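Structure first, commentary second.
Every chain is named by a letter (A, B, C and D) in the order it is written, and numbering of its residues begins at 1.
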């Protein structure tokens, strides 16, 4: 039997299931932005499980999938060749708008977030976006974002390939129907009530809300082995925190 | 004393003098297209004479000045970073229009020339263009081209950095004043009368028309030595024809 | 990405495809062109990026082509592309004349997934007058009268080219010939012949990566040694000028072209497949 | 092209210049940034291509900056860029928010010499609402209602970056970091620090050429060994994460930042010039 399941392991497995929900006819091409260890691990989990997924990780120590520099990801996405991307945000609201700029007057005189990165583009040109934000509080999940880095919905005349598929947080999974979020599952220890209390936007609550399932034994084994191996150099802090492993230890093991 | 001056040697020296006529403040950047041995030799002549000229030769066996592929020349020119380019044409008329497409109905049902290449772009975005066409006949130098690959003049609202500086042929040198050609010099053996007889367009004839000067002894020595060395692999047929040298001979000499 | 035999690669080009090809000096896929003629492909709509050379001339002469969009058709020092010129004269070929940077720009628009891209110059050229699909618009960033050409995105169905090598991920190395990258990125997919397969991942090698076109764009690869011949490959082998000169002479007549085809294309499957 | 000492290279950046810089993971010219602070440059208008990192944070904290155009300012895993965030809060810095592909596209427009270029997406973002210099126009290639963003060309005065090596022609090798090529092509000129000089011509080497930015664009070069530090250089050396983490903590306060400057920038001329 495995040691206790880390919350991040559950999130990773949840994201992996969401990725697999809607497969395109061809090979799935998923891009993962900077500072996104959970989405990256979810992609590696699928790849190590034998799913023919193509992963383009923007954050790598050396190497990388592109030869046109960082621009190539955006060109690929502009063509519709990236099937799925991940976005987070300092604030996310009930219409799936995301704010990566800040609060207070523009450009964030109260709290300045890092900035919009590619979100204003990627959210519209990518068929599927999984929103991921571990902190689930009324500070982050707000009724109305202070500023819209990237809109969750667009007017009908605006060319848009898709929007949010789901929002994964440290407490639950919401699905997005194009207009509103629906509570899809709550993580162990959470209840519909605790989600309502910690969420600043209104959302749909179905009659029955399941608990987010645990990763399987096979998934846990992959996460703690092959997936962690792939992540060690790129996300050393994350690997240390979740799995207690460091790049130095890996080198020792291999030596 | 040198052996007889080849007609091409006079053309090369003439083109080199035209290049040097109007120097920009910075380093002169001259690009030379495909199948242009005389312009290429003129650039090499200047470079081997110590002029700080930058040459971008599109026709090279290996290597080449660009790392974005063939597109980089056009991007550079679009920015105005190419100071001078060369164009020819199946037909050239008195307004400095050039036709590289063909005669008869579009796209050249009577005689099809190769096509416009980059001329429709380069002629407008490059500050200076030297027109070069060795054949000087009423077939080539026409009153009105059948089709305009690239116009010699543009309406005032059209963004244009320059036009033809001169037209160098096997018989003479014309200068272009933005509206009309002026006879600048005739090559040995030609007269104003012979030029008029062989030219299909009207042009200005000054009171005194000089003879195109011979290349200097120093220029001839460079042409037959260092310039030919540079051209041997790129233009073997030209080097054989003008200087009686072949790449094989060069290898023998170096061995 | 799959590794196929040359004929199987050629079979992936359907009749009527909008097929982008580089010119003779830019990793032209000559062996694939010959295989396409052997498989009797028909009604191809070719794009010469940005010009057309021997490969296009062969396909036109062999009756495989409905239209050619290009800035020029030429055999370089060997002169006119003879079957192309003959077909234009006979009126049996639809030629869509362009200018080099317009082809690069239209492909860049497709590469970025935008519907159009502007280009300076070209105004006043009859090339523009014969392109009803090109527009002239007012520069929206000035109040002055500033007309500018805008080109619609050009997305070929297939980009075909030769490369030095491919790895198991379908990454291919084309070195400095980066106009091929634009062409590959802009097209729905690429078919690539290579001198050889290599192990490992070309994109993981910092020395090789800059000259790589990612396997993302590559549908299939076939090994074709000296597959650019009579074109050259970077510093691996030079163009075979003597052969191109001989072709230019021989293909001036229908009969001469037929003899060339019989000798170098139709009976050459064994040699190309080697 | 001339080869200069690092401080002489920094002297080529005038006060008020529109200066383009890559982020920490893309051959960032850290040694040059430190030299710029030592030379007390003022009123820089920075462009983070496409995001801003430690270099921009240092310049902002040292009071060298009037404005920053960027898609984000971040130290990656180390979190917020502390002096940037503090200056935004204090209202002492003009921030011109963009989105990554908009910066690439605006530079590509300058690279091509066209006044604008379109980009999909972005409509409905408040980034657009705060960019009066960006326009939305009707796609001229459809009769449908199809609004599309068009971005004006962005031509920095100077692009500054680090490269692995330079040759005597001023050609520099950046490998796969081709967004630096776009930045260099788009800018009036480039200033480049390199790990080392090499003999010969990088563009003549078919293996190296694809990763080269031509000397056409390079005004001057200075050797700065480990010049990207604490950023990394391809496979030559990794980013110094511990240092960046320490900076992120220390620079949270003005005093901490001043101490960092004193230790690593103002007294480091000898070490950077090595």
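To be clear about the criterion, a residue touches a chain if its C-beta (ideal position, glycine included) is under 8 Å from a C-beta of that chain, and two chains touch if they have at least 3 such contacts.
As the structure is a computational prediction, the values presented were derived from the model and not from experiment.
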item	value
Shortest chain-hopping distance from chain A out to chain B	2
Remotest chain, chain A as reference, centres from CA atoms	B
Rounded Å distance, chain C centre to chain D centre (Cα mean)	36
Gap in Å, rounded to a whole number, between the CA centres of chain C and chain A	40
Geometric centre distance via CA averages, chain D-chain A, whole Å	28
Residues within chain D bordering two or more other chains	112-114, 119-120, 146, 148, 176, 178, 181, 203, 206, 209-211, 234-235
Chain A residues counted as touching two or more neighbouring chains	62-64, 66-68, 74, 77-78, 125
Those chain pairs that satisfy the touch definition	A-C, A-D, B-C, B-D, C-D
Touching residues (chain side chain C, partner chain D) in the complex	105, 108, 112-120, 135, 137, 139-142, 146, 148, 150, 152, 174-176, 178, 203, 206-207, 209-211, 234-235
Residue ranges of chain A touching chain D (in the complex, touch as defined)	34-35, 59, 61-64, 66-71, 74, 77-78, 100-102, 106-112, 114-125, 147-151, 153-155, 157-159, 235-237
Chain B-facing residues of chain C, complex	25-26, 50-51, 70-74, 76-77, 80-81, 84-85, 88-89, 91, 95, 97-102, 104, 119-128, 130, 144-148, 176-182, 232, 234-235, 238-239, 241
Complex contacts: residues of chain A adjacent to chain C	29, 54, 62-68, 72, 74-81, 125
Touch list for chain C against partner chain A, complex	110-114, 181, 185, 203-204, 206, 209-214, 216
